[in-house]
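The following block contains the structure, expressed as structure tokens.
So that you can tell them apart, the chains are marked A, B, C, D and E in the order they are listed, and the count of residues begins at 1 in each.
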Amino acid sequence: MGEVNLEHVSKRYEDVTAVDDMNLDIKDGEFVTLVGPSGCGKSTTLETIAGLTIPTDGTISIADREVTTLPPKDRGIAMVFQNIALFPHMDVYDNISFGLRLRNYDKDEVDRRVERAAEIVQLEGMLDRMPDEMSGGQRQRVAIARAIVREPDVFLMDEPLANLDAKLRVHMRTELQRLHKELDATIIYVTHDQAEAMTMSDRVAVINQGELQQFAPPLDCYNEPRNLFVAGFIGSPSMNLVEGVVDSNGLQTPDYHIEFDAGQFDGVSVDDRITMGVRPEDVYLVEDAESVAHPTSQIDARTDVLEPMGDEIFVYILTGEGETVGMDAEADDAHQLLMSVDPDKDIDTDKDVQIVLDRERIHLFDTDTGNAIAHGLEFTSVEPGPTSTEAEGDD
Amino acid sequence: MGEVNLEHVSKRYEDVTAVDDMNLDIKDGEFVTLVGPSGCGKSTTLETIAGLTIPTDGTISIADREVTTLPPKDRGIAMVFQNIALFPHMDVYDNISFGLRLRNYDKDEVDRRVERAAEIVQLEGMLDRMPDEMSGGQRQRVAIARAIVREPDVFLMDEPLANLDAKLRVHMRTELQRLHKELDATIIYVTHDQAEAMTMSDRVAVINQGELQQFAPPLDCYNEPRNLFVAGFIGSPSMNLVEGVVDSNGLQTPDYHIEFDAGQFDGVSVDDRITMGVRPEDVYLVEDAESVAHPTSQIDARTDVLEPMGDEIFVYILTGEGETVGMDAEADDAHQLLMSVDPDKDIDTDKDVQIVLDRERIHLFDTDTGNAIAHGLEFTSVEPGPTSTEAEGDD
Amino acid sequence: MAEAEQTQTDGRQQAETTRGPFQRWVQGSIQNPERTYQAMFYVVTLFFLFTTLFPFYWLLVLALTPREAIVNVWFLPKGFNPGVFIEIFEQLPFHLFMFNSFVLALITTAIVLVLASLAGYVFGRLSFPGRGVLMLLILAISYFPPAAFLLPLFRLFTGNVELFGVSSPMLYNTPGAMVLPFSALFMPLSIFILTTFYGQIPDGLEDAARIEGTTRLGALVRVIIPLSAPGVATAGVLTFISVYNEFFFSFLMTNGEVQNWAPLLWGILGYQGQYAEFYNLMAAASIVGVLPIAILVVIAQEKIVSGLTAGALKE
Amino acid sequence: MSTEQTTEKRQQGKSGAYAGAVRWIENLSETQFAYLLLTPALLLLAVIAFWPLLSTFEMSLRADSLRGASQVGEFVGLQNYTDLLTGKLDTVALPQPFIDFSQPFKSALIVTFIFTIASVLIETIIGFGQALVLDQDFRGRRWVRVAIIIPWAVPIVIQGMIFYLMFQPGIGFGANLTEMVGLTSTPLANSSSALGIIVLADIWKTTAFMALLILAGLQSIDRSLYDVAKVAGASKWQQFKMITLPLVLPTVLVALLFRTIAAMRVYGLIETVSGCTTVPSLSCLVVTTFSTRRYGTAAAVAFVTAAIIGIVVSIYIVKFRDSQGGF
Amino acid sequence: ISRGQSSNPNVVQWAADDDVRTNKDAIENALHEAGLDDNIRLEVLAGNEQTGARQSQYQRWLSANLEEPDLLLVDSGWAIPFIERRQLLNLSENMASEALNKVNNDYFQGSVITGKSSDGDLYAIPLFSDFGTIQYRKDLVRQSGFNPDQENWATEGISWKKFSRVTKKVLQDNQNIDYGFTFQASAYEGLSCCDFNEFMTSWGGTYFGSVENLLGQVGNRPVTLDSQNVIDSIKMIRTFIHGNDAPNTLNDFEGGIAPRAVLSWIEETSRAPFSNGNAVMHRNWPYSININGAPKSEGGFGEDLGVMPIPYGVKSGQAGQGLGGVASALGGWNVAINPNTRKKDKALQVLEAMTSESFKLKLFELIGWIPPEPGLLETQRASNVPIMGRYVDTLKVAGQNALPRPVSVVWPQESGKIYQSVFAAYAGQESPQQAMSTLNSQITEIEEYNE
């Protein structure tokens, strides 16, 4: 029904390659999220699936039927556009019901469905408003309603929640997931919100400069990023990445040494340049480190800037003699680590502290190719995440 | 220079009151964020400040000069629009330099400033693209550059980062803060991103249905929400809110009892209906509660749905005999609590657990008026947050 | 602020005696540029009104002046003869000529809008080989004086052209003989107008419509045309009025009998003698022929715009 | 999801042929689709415009036939053209213009250009002004619109009559005015003043065309761009210059293009106001030659006229190729 | 195939004008009274009133071989090109000889030749004639001491010199009158066919050497536009317009009696000031006699309107070739038959009925169309016609001195050159000598080119 397959799809504009040899194999009923930096080709990928852009190369099939050049209306898809694209000359009701009326649904059915969709996006009283009489978020919700009212096999959604407030976003997230289940539809979703990508998707496709970087369940991307790009991109704030050189018993970074047996990993030899990655939540103050089974040796550091977030505090710490960092200067990555601590923690700027890293959660990447070498220097017997859905990346 | 004052500003459309008797007193150089649900009047408020909308009532002054009906060009402001609104007939360079060219800056100066702005928004190579050749995020960055290049006294920014990916967003956040410092400009900022509101602003204005709910530093809003609306709105995921009835020695909710001396708080008497609020990070499994100075008595519960987020796991727990909740059914708030636990935690769905709440972090609200009664049932000597900027709300 | 106000008041008191109302107005305008702008706006509007209406007013003066008194006519009618507006109907079935013109214009406008919409869509929104050449070819039609078409067309419409032994239909004295040339000659303008307007609609909206399930043509009808409503209406109005007043083919493709679809022009010229020119009648007839149409067109234009916009909604 | 499909199926069943056609159309390539949509218009133009033009062109390659019953004489190739352009036909076949240029063809050219430049330029400026006024919201706008459209609805015959009578000595007041300001007392009998009057008459009537088109262009501009400009500090004039003007430019260009073409073909107005001899235009030449039954010559003149217009248009197109909506 | 004819075989379609259509029933009756079969009925097309437009219209109809209209009203000014191209039915071959003889013998010869081919066959019979005459304010002229009635102005005319004196005197006596003599000197067909033709001929000049040659064979006739008589006539008009002090004028004539405005006037515009009492003398066609001679109660001048032939510059005896003396340009319309008609017999019957006296007089009464037959103008019935009846004597004189325009296939070409040159000379843009010698060579060139 709703399988979507991209084989070697490329889309080139005059001087840009927006999508570069993309292969995606999306199962029926799957919820797939495309993430990647601005301009990496997410929208273009969706457009080729929708039939709005004919790819320069490659084939696209939906439900085992090749559709590469088929007009959009015959692909059985609905789409929420990044630029919202409401019909400015129609009121909300007409915008939402547009696709249904095209298909000559009878009036009652249209009414029923529109009402239901309006309820889902919480726009009940606004059916006769015109788009220019609405706020940005309201418009976006109309765009979502316009897509879901059609109940097709495949949904394409390009940042559908970008303009919504946190609460509504959580609500919409739930609603979309429910819809996903109820309709058993395939959803291809573009978002910049990590929480969305993490919570909603069966698999995440990480794209950079038109190229697919990793296509795997969200926690796999988080815990086992396939390369430096994915490591840096997934997770907010991002993983600390520190370059170093392999020596006989580990990795020497400018300011400290991480011990491991270089022979333990394929293809790593002494004097290789390797990048070590560790997420802010895996950096601990020594005093809080009792729960860590395999801490590194202590590292002397100094707190720099604090960013209290309410439910946690981000602490920028300097491990070497580097300049002050934080938001004032481009940080020299090698001397800086970001750490997240409990909001109750009594911590202050410019204090000397000792920190440790969780060795189980240290990642190693080949600095030159960017490819991952290892995720975790030690392993406990516990499985990685509590309910990680069927772990099946493509690497 | 950049003080902005709204006095009793209202804006009514035919059947909607978009802004309702708004009073804001923004200091020179302050960074103020407007938050609130979609359609609450944030954009409209900005528009009245910009002079694009003349308020139905009230006066607006900028830099001590009344500007209520002054045309926008005489107000010394720059603005990033929620709908981006790039000039379709101009390339990126011309879009960005628009305001400068209006003022007949000389060519070199324009070039210099445009380059600088393009650098800040990471659009260096794209100055000769047309808007329709760019991705959503790229367009938004042009819109930002167009505003910052002007370096005025007051910036108005309506969700300027909505279309950017997490990494770029963090980068832009830092850049905006640096700009804020450098130009010493007043910034009024609309966002749906809690992290943005929390980290960037000196003060946050929480708006609901056109009415100002609280106008205070972000941590104050987080820690001492003035009413139920603010409590539920600020923080993601939101605060757990459970209704109950006051009895002689505390609050009786459907499933458990929270002890306190009712007399301790003004205007609270037995049989009053009160809503208890507690944030997910202040709900603990009994075994993790050793760090909590004043826990409540244990509450029996059962885990329901788990949402692993990477750096933490959200656990929906049921305190009573209620139906399953999570994303499948509208939860009955009274029987449900959301808890955040460490990602390493070995936790599973449908297990019986004991939890406690941190009494220091329990909030009480009058159910009928919504107003806050108390923040914390006990107080330790520690100050609330580590570096909370000058704590001065308006309540 | 308060200080400034104070000095202003002082100044005003001092000057009260010497300043005339105009000076005061000027002073006020300098302080309030919005007011200057408003005033300028009204002056300009009045100027436009005067210049466009004056010749028309003079036409009215001509109409009301009895025929014999049309000598040295300045700004007032010499004599007052409102009966002229009845006389024109007594002399000729002028309303029928108007009706003919109206029908011809309506049919032509409909044909032109449909064909030009298709062509405008193609030229405005698609790119394909031959686009530039075709546009130039279509434009080139307008380079030719209408006379260049006349002889062959006349032969065509009077059954004098044979192709494979079949002679062309006798369209002379039928609406076809006028509607076809009108359509062909006014179409290039409409095509170009619609090309620009359709070309400016953002792709996103057409994309959205196509995703929702319209065909390419469906998107044209439901989204692009409604969104270009001002342009479509203007193309329609320009075509309609041009046809209504057309003087070349109107004149040549019918023998002037009202039952043979002779249009307005024949009506107006019907008040002309070989030497004797009934200027007052012609003037009156033009006012009758033109004023209701102008008003109708303005009302219609608004309706067209809202109608097109609404038409996309309802099935 | 299945509902959608069944409905689609139902539709298909209802009119399979129609659905089939739709499907066929949708699956055409962009080029095929383009040509399909152009077919009706091109068909009409082929029969009603291109074929007659070809036939007229053929006529232009033949000699005049003044005496016989047949309309044209023997085939003479391009002789009509060469005779025309070398001035050989000036005396014997073309009406002599009133303006005292020795060659009628040249004077027609000059008159046509003067008329075109003067009228189109002024009409564009005034039309823009009128459109800007009509684009505002004010009470009575609808009636101002009627007033501005009225001249456009006036038939050329009447337009000509108004100005003819207005400037006819002893009939209207115009001649008195021109005399008062020290010009001629018979403005319509004098080429330059008659040309001025014709330009005036043309401006009166056709400014509405410009105004209407430009107005439509103005109305299609996204209003939120003005918000941006206002906040960026643009004065009204700057908003006009930097937003309004470039965004209506494509429309203005279309208007300008067609006005220029129409102005270069001016005939009816001249005929009714001053007569073709006083103010000879290219089209005058065509029509008068046609009416003297010199069909071969007339056809040649018509094609030369078209060629001249074509040259002017090409200059336009080359000049404005870059501004959008172009070719 | 059907080519748009009316289905009724007894209805003859006649392309005429609005006057005919308005009076269609009366005309039909008159035809029946004149012996036309009662079954035959008329259908009238009111063609364009602009003669040039109507010419083009017929041109298209006949070239497209339309079968209708059956009868055509053709301007005597342009019937000949159609005849030359044999686009009209040859009446000499088809019409009954009785009617043919009547036309050939009794009609104004000036009118008849406008309907004949160069080999003498008749293709169109005159329906009515028009002659240029001078209308004047008899009351004012009398007041200023002149005696038009005693001096028989109406039939004998006066000299231009006298004309100028009379006009000048009346103007001087009536300060409230702005204009003396109003006529048509705009650069248009009417100048070459008529006004200039009249002025020139009355001075003994002509286009092609003699009056006969006016309709002679193109290329085989002398062009005589540079003769002194022609130049004198121009000088006279220049005197009238510019005063006798201006260059190239006749000093012994009274000058300044015509406004410069005549240079932009045609029939109606020149008539307006006269009708309005603002001019003394006025040259025009008979239609305007009906207007100006209307009773005073209806806004005309009634009996105060005088009519006389166009004055003479030289007496008829003084110039040869039938030149000099009073001369009136000839207008009027003829009737011809569409050669493609399917109702030839019926059309011929109608045409024959039109030659009857009663019918022509009836037209005179109905529409004021002057019978193309001098004899009829002498009848009592003609004199009894209101207004026009008073002036039949003058009309008869004018008709006998009528000048056809020199119409030929190249006349449109020549006409254009003529009115431009004449205008230029009248207006003073060129000297009469220079203008006429240029014109003479241009006309010669055209004549030779199209021989």
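Here, a contact is a pair of C-beta atoms (placed from the backbone, for glycine too) under 8 Å apart; a residue touches a chain by one contact, two chains touch by 3 or more.
All values derive from a computational prediction rather than experimental measurement.
Graph distance from subunit B to subunit E, where chains that touch are one step apart, equals 2.
Annotation of subunit B and subunit C: jointly contacted by A, D, touch as defined at the top. This structure's chain pair with the greatest number of C-beta contacts is C-D. Remark: the per-chain Cα centre closest to the mean position of all protein Cα atoms belongs to C.
Relative to the C-alpha centre of subunit B, the farthest chain centre belongs to E. Subunit A and subunit C have Cα centroids separated by 57 Å. Separation between the centroids of subunit C and subunit E, computed from CA atoms only, is 42 Å.
For the pair subunit A and subunit D, the distance between mean C-alpha positions equals 58 Å. Residue positions of subunit B touching 2 or more other chains, listed in rising order: 83, 88. In subunit D, the residues touching two or more other chains are 26, 71, 170-171, 290, 324.
The set of subunit E residues touching two or more other chains comprises 63, 272-273, 278.
Residues of subunit B that touch subunit D in their complex: 50-52, 71-73, 77-79, 81, 83, 85, 87-90, 98-99, 101-103, 146, 150, 156.
Residues 202, 204-205, 207-216, 218, 222-223, 226-227, 229, 309, 312-313, 315 of subunit C are the ones that touch subunit A when the two sit in their complex.
Looking at the complex, you find that subunit E touches subunit C at residues 1-4, 15, 17-19, 45-51, 53, 57, 60, 63-66, 69, 267-268, 272-273, 275-276, 278, 284-285, 287-288, 291, 299. Residues of subunit D that touch subunit C in their complex: 22, 25-26, 30-31, 33-35, 37-38, 40-42, 44-45, 47-53, 55-56, 59, 71, 126, 129-130, 133, 136, 138, 142, 144-158, 161-163, 165-166, 170-173, 204, 207-209, 212-213, 215-217, 219-220, 236, 250-251, 253-254, 257-258, 261-262, 265, 267-268, 282-283, 286-287, 290, 295, 298-299, 302-303, 305-307, 309-310, 313, 317, 324-325, 327. In the complex of the two chains, the subunit B residues touching subunit A come out as 13, 35-40, 42-44, 82-83, 133-138, 140-141, 158-159, 162-170, 174, 177-178, 192-195, 198-199, 218-219, 222-223, 232-238, 279-281, 291, 306-313, 327-328, 340, 342-349, 382, 385-388.
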